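Labels run A, B, C and D following the written order; every chain starts at residue 1.
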Amino acid sequence: MNDKTAKDIENEVSDWWQTDIIDMEPGKIHYAGYPIEDLIGNISFPTMIWLMTRGELPTADQAKLLEAALVAAVDHGPQAPSIAIARMAATCGVGLNNAMASAVNVLGDVHGGAGEQAVTLYHDISKHMGAGATLRDAVASGLDHQVAEHGKHIPGFGHRFHPVDPRAPRLLELVRQASSHGYVSGQFGQIASAIEDELLARKGKRIPMNIDGATAVIYAELGFAPELARGLFCLSRSVGILAHAWEQTQQGGRNKGPIPRRLIWNYNGPERRDVPDTAKSGFDNH
Amino acid sequence: MNDKTAKDIENEVSDWWQTDIIDMEPGKIHYAGYPIEDLIGNISFPTMIWLMTRGELPTADQAKLLEAALVAAVDHGPQAPSIAIARMAATCGVGLNNAMASAVNVLGDVHGGAGEQAVTLYHDISKHMGAGATLRDAVASGLDHQVAEHGKHIPGFGHRFHPVDPRAPRLLELVRQASSHGYVSGQFGQIASAIEDELLARKGKRIPMNIDGATAVIYAELGFAPELARGLFCLSRSVGILAHAWEQTQQGGRNKGPIPRRLIWNYNGPERRDVPDTAKSGFDNH
Amino acid sequence: MNDKTAKDIENEVSDWWQTDIIDMEPGKIHYAGYPIEDLIGNISFPTMIWLMTRGELPTADQAKLLEAALVAAVDHGPQAPSIAIARMAATCGVGLNNAMASAVNVLGDVHGGAGEQAVTLYHDISKHMGAGATLRDAVASGLDHQVAEHGKHIPGFGHRFHPVDPRAPRLLELVRQASSHGYVSGQFGQIASAIEDELLARKGKRIPMNIDGATAVIYAELGFAPELARGLFCLSRSVGILAHAWEQTQQGGRNKGPIPRRLIWNYNGPERRDVPDTAKSGFDNH
Amino acid sequence: MNDKTAKDIENEVSDWWQTDIIDMEPGKIHYAGYPIEDLIGNISFPTMIWLMTRGELPTADQAKLLEAALVAAVDHGPQAPSIAIARMAATCGVGLNNAMASAVNVLGDVHGGAGEQAVTLYHDISKHMGAGATLRDAVASGLDHQVAEHGKHIPGFGHRFHPVDPRAPRLLELVRQASSHGYVSGQFGQIASAIEDELLARKGKRIPMNIDGATAVIYAELGFAPELARGLFCLSRSVGILAHAWEQTQQGGRNKGPIPRRLIWNYNGPERRDVPDTAKSGFDNH
């Protein structure tokens, strides 16, 4: 320690928070080298999302495909836990930022992770193809591995509510357009379609791609890491979360519960009983 | 800056995080001067809560009164937004810590702030008494001020569900016992009872003290700041939040919504319509 | 209750979660009447944000102004508590959704509320003008009221770090362009500029508009409610939060603290002391 | 659906939120059959925590051991991310409940999961013993399995900062006392000690048990499921989180960053550059 100067220590502290994302001095804000005043009004919000998470600017065409995915996943209604939580939170005397936080927080492995898991699956299949497997064999291997590791449920395929998820075919159509223009390779769209075919062959019925499977195609085509599929979904769903929290704020209510107020849960536990003396240690007992 | 030594800078950085709460060196953990190994097994959990938030140890008797308040507020069932949120979160693929966070987060001004507001009201009335007013006059002034500033609802009194909140009289009984032993002054218990009387006189019907009003009496008697009334409530309610998140985990389920799955919300917005060209700027339009 | 049918009860439950935002049936997802498949690929992400929070589609031109504000506020670096929290959270073994939640959560009155407060101030001044006051008099009245209610700090003006916030003049330039095309009225841009002038006159030095003041101009011009200024800021800042959480994930680290690991906070509390017998109630004492 | 009555539907809705924890009617609150007014003042807070998470009351002696674990883990100072987050959040204009939520949220697999992982390890070793293995062989098998599945780091053993964690030996001493009184079996204390011995033999140096390993012994002795080890740690650490958030509130500050204000992070990304035309799609470009 003895030889270090004050400047060395300051630098050590500054290095603890080092980043490649933002460069700042008084009057100067650059993101990955681009002055903020050059970005504002010149690039789209999805382009900015790309720059921040990737460190480089996409083309406007690539960003449009990302934009389609972001538009697609904003909301699935008050039966989704994230949306219900946002609405209930909005009646509890907290700010919209807090309502959004409680809601985004639950976009976990089950509620928000299918896109991430689907990108991982697509990457695995792509790796098999890179090693020489045919599309069909690669898909079979990928699905076998997925089922062995994580069970029968294939992330990104099938929907409890929608026989056909109306968002998926539209997104895939855009991927095909982008591929025909050469903005993306189209490989992951083919992989996802081949998964549908293989699932049909294996199960004897169509398990169509859902929103997570379709946005995962886009994220994979655009080169996003699997983890970012979840992160981007969080950005998208935050829109619906904000919208519902705000609508609930305008509807009013205090401490909104999950079911109409006059109804109460059913209790299935033990009947009324006395506290045994062995458990007592309280105020009266000293 | 030039004259500062490396040690000065280190000290400046360490001072940025200065605290009176915890003193640590390798092998040493002291809280407000007390070695952790002297506290473990010797003091109760409520005593530790007191030490951490106040900087001094209470007597075991004082801590027992705090304990009663902490025991009282753990849970009010799945119709409470905090509890419903914890249960829904537990089905979304996040940890118990995350489920607890989303739930504790909503204990805001409406869902978790009544205790804090009640302590503030009691303090205001106590200040009037300190300035020479009678209990009755002080209560009248305090209530007038409360209504003028915050509206008709008096925090800590009245309950939507319970005609008499079974927790309140029991807690007040303990305050009276503690007061008779000289552990607390009893002043805030008297203030709260006088509020009940004044509300009866003003409204022509009994608006009995609820859990928030009663725990606020205890927190005020024990000298906690109003803000800590909310903080302590958060600690107490975290127990119920954890219990329900855990029960839901064991019950299972994925993405539990607020109402049975086959039901869906009612939609009251506009009928199906076409996207106008003026709004378009998307993928197809370039 | 007796006359209600099963259908009535189902409807009561569905009505508890009624919304104007989303209409869903199996295979159908409409937002405010627009089928999702018509929106995907046709409208921008900011347009979708507008639709969700306002219930109507903006023109593409209006959405571009909103887009500029969303691009402008994504990040202010690791010294911002929200960004530091996101990075630390990312090292604690939670998902990106959780890291985002802990961070967005702190965009409260101080860290995320200035835009909301600035819109409120602009609205107040606009109201004075609507009642016949000149711009200058309306600004003076609005500022007097602001100072009287909330203290000397004027939300949206002045910056601790930037002598001139590079984001503000660029955003104001876009407002002027939009106004010259007739997309917005330009009234709130004029109000904000007049506030700068009045602050200069009052304080004898320039207190230039900052990012919050400038985005508030845009939100006010576009007709967003003050609360949504905070909500939209949360959406924008979520991008930087995600980017930093993700960069930290890639940098690695476990339980990242706020300062380099070898440094520790300075402790200023009481010296080591013994636990008094009066506080004891623990394991050894029974 | 046709044959269902209104009552059937109400019951279906109530069943969606069924629980064994709390039974409520107007004026009645029972937890697992115990009236709240019988619990208040008669049982300790740790006893209540046990009742809520387990459904049955412990003896007061069992609860005292749980209490020791809860007392032990409240705080590890501002270098812990959870504590730093709580303090920063408290300066951002949010409530104590929000500050607590952002902080508890990060007690994930890395920051809050070691106790849960240690209980799982102990259970695994105990299972080997139940199948006839000696303590030593069971420990060896358990460690081998742990290392194979999760890597070299053994949860609950070793500490970055403390050569000997002062909390661990004290907690183990209490377990031995409880075991000598017959309150617990003592089996998990023996397992944990045998792990220390085996690690010494394998690594040639002592890797002493830490707070997580020691509290895990207590939780396992008392029959808590592994997941609840994390939940209980969250309850305990919430105390320190609240204490630090409250101390910071009193210290004041606005938007507290991680390092002193005049310092800034080091930026390592690209130099200043121009936005390429291919990325542009913004306001000016139409």
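Annotations
Keep this in mind: contacts are C-beta pairs under 8 Å (C-beta built on N, C-alpha and C of every residue); 3 or more make two chains touch, one makes a residue touch a chain.
All values reported here derive from a predicted model rather than from experimental measurement.
Between subunit B and subunit C, two chains of identical sequence, the interface residue sets overlap for the most part, with shared numbers making up over half of the total. Centroid analysis (C-alpha atoms only) places A farthest from subunit B. Of the two chain pairs examined here, A-D and B-D, it is B-D that is joined by more C-beta pairs in contact. Rounded to a whole number, the gap between the C-alpha centres of subunit A and subunit B is 32 angstrom.
Taking each chain's centre as the average of its CA atoms, subunit A and subunit D sit 26 Å apart.
Here the CA centre of subunit B is 20 Å from the CA centre of subunit D. Touching two or more other chains at once are residues 10, 13, 15-17, 19-22, 24, 35, 39-41, 43-44, 60, 64, 67-68, 71, 77-79, 84, 94-95, 97-98, 101-102, 105-109, 112-113, 174, 258-259, 263-265, 282-284 of subunit A. Every residue of subunit D that touches subunit B in the complex is listed here, in rising order: 12-13, 16-17, 19-22, 24, 26-29, 31, 35-37, 39-41, 43-46, 48-49, 52-53, 64, 67-68, 70-72, 74-79, 84, 87, 95-98, 100-102, 104-109, 112-113, 161-167, 169-171, 173-174, 227-228, 230-232, 234-235, 238-240, 242-247, 249, 259-260. On the subunit D side of its complex with subunit C, the touching residues are 1, 4-6, 8-10, 13, 60-61, 64-65, 67-68, 77-82, 84-85, 88-89, 91-94, 98-99, 101-103, 105-113, 160, 174, 177-178, 254-259, 261, 264-265, 282-284, 286.
Taken together, the subunit A residues at the contact with subunit D in this complex read 10-11, 13-24, 30, 32-35, 38-44, 47, 55, 57-60, 63-64, 94-95, 97-98, 101-102, 105, 258-259, 263-276, 278-285.
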